[in-house]
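Reading through the C-alpha cells given below for one structure.
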Amino acid sequence: MIELDGAGRSFKVRRRVVHAVRDLSFTVSPGEFVGYLGPNGAGKSTTIKMLCGILTPTSGRVRVAGLDPSRRRTTLARRIGVVFGQRTTLWWDLPLTDSFELIRHLYKVDRATFRSRLDELAETLDLGTFMRTPVRQLSLGQRMRGDLTAALLHAPDVLVLDEPTIGLDVVSKASIRDFLRRLNAEQGTTVLLTTHDLGDIERLCRRVMLIDHGRLAFDGTLDDLMATAPEQSSLEEVVTRLYTGAAPAQ
Amino acid sequence: MVRTYFLLIWTWTRAAAAYPVSFTLMILFGIITSGLDVAVILVVFANTTTLAGFSRDEVLFLYGAASVSFAICDMFISNIDRVSQHIKAGTLDTILIRPVGAWIQLAADRFTPNRLGRVLQSAVVLGYAVGALDLDWRRAWMIPVMLVTGIVIFTAVWTLGGAMQFVLIDAPEISNALTYGSHQLNQYPLSIYARDLVKGVTYVLPLAFVNWQPGLYVLGRDDPFGTPEFLRFAGPVAALALALLAALAWRQGVRHYRSTGS
Amino acid sequence: MRNRALTPRRCKTIPLYARLVRYGFRKHATYVWASLAGAFTNSVFGVLRAYILIALWQARPGLAGYDITDAITFCFITQAFIGPMQLFGGGLGIPERIRSGDIALDLVRPASLQLWTLSEDLGRAAYLFLIRGLPPMLVGAAVFGIRVPTDLVQWLAFLAGFTAAVVVSFGWRYLVALSVCWLVDDRGVAVASMILTTFFSGMMLPLHLFPGWLGDLAFALPWAAMVQLPVDLFLGKAPAPDTFAVQLFWAAVLLGLGALGTRAIRHKVVIQGG
C-alpha cells in the first residue's frame, strides 16, 4: 500500500545541502497499523509530505496505493486521508456540517454513501452535539474528531496521521485511539501514525518504524523493539536509548 | 471545476449571511471606498476641463470600464494573493492534499460577497458615462468585449501576483504593486503617462487592452501615441496570451513550493 | 540583536518610555523584507499618481500655489508617509489584544497603556520613516526630480511637523483601536477610518484642490494635520508656528480623548471583568 525505495529529500539552506530524509526504504502492506517514531527534526513530516505528494522527493521512488504521489497528487488525494494534528483541514469559520458537505463535493462522494458514512462516523466519534458549531469554537478534542471524520468521508484506503493526539486530554485520547483501532480492524484501513505519545504506540501499533537523522533506525514489531533493550525496560526507556544512540541500530 | 468553485463561494456566502448587519455595512463601505477614486477624478476636474486631452466623462468612461472588470475580479478571485499567508500558516499543505486544484481552492477561500459594493459602484459610473457621452452606437458592441477582456487580464494579473508569492514569501506586498497598481494605471487615459511606460503596458504586460485600446475605439478617438488601428481589436488575443503566461507561472509556483517545501 | 526583558520594575519613567521607543523600532526591524516590499509598492503608486498630477498641472500651471515640481514632491511625500503614519489604518495591535483578552495584562502594568503604546508606535514610525519613507522619495527624485528644503531651519521645521503628525495619527488610530472594546464588528470603524484618513489627510490629492466648502472642511479636520500640513512645511508653503499650533491642538484633543478612552476601557475590563 505504501512503498518507499531509496527515497531521499534534501533541502538547500543557505547554500548548504541538508538531507531531511536519506535513502529511506520500507513497505507497508494493506491493513497494517504502523507507528512512525522519531525525535523532533528526524524527518517524519518530510516523509509524510512526500507520501501525500506535497513534497517531491529528490531521489528514490515513492508509491502510495500504486500511484506516484508527486505526479498524481490529486488522483491520490481521493484514496488517501490525511490528518495534521497541529492544524486543521476544516474551514475555520464554517460549521462542521458545511465543511463535510464541501468535502463531499470536493471528493465527489455520492449523497447516499456520504449520508451513511457520516452518520456512522458521527455516531462512533460522537459529533452530534457540535455538528453546527463553527470550527473555531470547537475544543481541540472536538476539532480532532471533526478532522478525523473529514479525512475518512471518502473512505480512503490509507490514513496518514501526523500527531493526532497532540494536546488532547486523556479521555479524548482514549476515544480517538479506540476509534482508530476499530477502523483498522473492522474496515481494514491501512494506518500510518506519527506521534510523540508512546501510549499511542503501545495501544495501537503492531509494527513500529523509527527514523533518526533522516534514516530508518528500526523497523519491526513492538516486541522486537522492546527486545533491543535490557528486560524490564519501559517503552519510554527503549525509545530514549534508540534516540540518544545508546543502542546499536538494527 | 467551475461547480466546485461556486459551491465553495456559496458556502462562504452563507457563512457571511449569518451576520446581515455587518454584511450590509460592508457593502456600503465598499461603495464608499471605491467611490474615493471617483471623488479624486471629480476633484481633478473641478480644477480643469480636460486632462491630457480627455474630458471628465471620457475619463469616467475609462475608469468605469476598468473598474467593473477589476471589481469583479476583486470579488471573485482576489484571495489568490494570500499564497504567502497560507504558506506561513501551513494551510497550503491542507489545500494540496485535496483532490481539487489549488488555484480554485485559494481563489474561493474566504470569499465575501461584501465586495459586491465595488462592482455596483463601478457599474453606476460606467452607466453614467455611457449615458452622458454621445457615443456612436454602432461601436457599442465593443463595451461587453472590453469588460470580458478586462476580467481575463486582471484574473491573469492576480494569478501572477499570487504566483510571485511562492517565491516572495516574506514580501507579499510586492504583488499589490502589480494587482492594485494595474487598476490604478487603468483609471486614467494612458495619454497622461510617459511613452515608454505606455509601450511597456501595451507590448509587455498588456494592461492597455483592459480599457484604453478598446476604449479609444468606442470613444471614436485616435491614439495620441499613434499605435496602429488593429490594436483596438487585439484585446482578446493579448488577454489570452497573458492568461497562458499566468497559468504557467502558477504551475511553476506550485511546483516550486513542492520542491522546496518552504 | 539584543533582547532584554522589558520589566517596568526599577525603570524610571523616562528611561522606560525611551526604551519602548527603541523596542518598537527593533521589533519592526525584524520585518525588513515586508517593509521593503511596502516601500516598493508605495513607490510604484507614487509614480502612477505623479503622472495624474503632472497632467493636471500641465493643464493648470501654478494651481494651488504649487509648480509641477512641488506637485510631484507632494505626491512622493504622501506615499512616503503611508508606512510611518499607517494611513491605511492599524499598526497598534490593540484590537487583537482586546479580542484575545490579553489587554487585561497590559492594563495591570504600572505604566500608562496609552503612553506605552505611543512609545512603541513612535519607534515603529521612526523605523518605517527610514525604510518605507526614503525609498519613494529617492524614486521620485530619480524619475521626475523633486524639491527638497535648502536650509537647515526648514528641515528642522519639517522634522518637528512630521513628528507631531505621527503623534496626531497615533491619537486617531488609538481611538479607532479602542473602539473594538464596545463593538461586535470593528471592521466598519476600520474602513470608515481609512476612508476619512486617506481622503481628508491630503493623501490622495492636495487639500488646496478641494473646491469651496469641501476644502475649508478638510483643513478644519484633524486629518489635515497628518499629511497636508507637514508636506507644506517641507515645501516651505506654510508658516511653521501656525502649523505647529494646529498640530498640537489636534494632538492634545486626540490624546485627551484617548486618555478618557483608556480609563473607560480599564473600568470595563478590570472592574467588570471584560
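For reference, chains read A, B and C in written order, and residue numbers begin at 1 within each chain.
Here, a residue touches a chain if its C-beta (ideal position, glycine included) is under 8 Å from a C-beta of that chain, and two chains touch if they have at least 3 such contacts.
Nothing here was measured: the structure is a model prediction, and the numbers come from that model.
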Measuring from the mean of all protein Cα atoms shown, which chain centre lies nearest?
B
Of all the other chains, whose mean CA position lies farthest from subunit A?
C
Could you give the separation in Å between the centres of subunit A and subunit B, each centre being the mean of its C-alpha atoms?
41
List the centre-to-centre spacing of subunit A and subunit C in whole Å, with centres computed as mean CA coordinates.
49
CA centroid of subunit B to CA centroid of subunit C, Å:
29
The residues of subunit B that touch subunit C in their complex are 19, 21-22, 25-26, 29, 32-33, 36, 39-40, 43-44, 46-52, 168, 170-174, 176-177, 180-181, 184-185, 188, 192-194
Given the complex with subunit A, which residues does subunit B contribute to the contact?
3-4, 7-8, 11-12, 14-15, 89-91, 93-94, 96-101, 110, 258-261
Going by the contact rule set out above, which residues of subunit A touch subunit B in the complex?
11, 46, 49, 52-56, 70, 73-75, 77-78, 80, 82, 84, 86-89, 91, 93-94, 98, 101-102, 105-108
The answer for subunit C against subunit B in the complex is residues 31, 33-34, 36-38, 40-41, 44-45, 48-49, 51-52, 54-56, 58-60, 63, 184-185, 187-188, 191-192, 194-195, 198-199, 204-205, 209-211
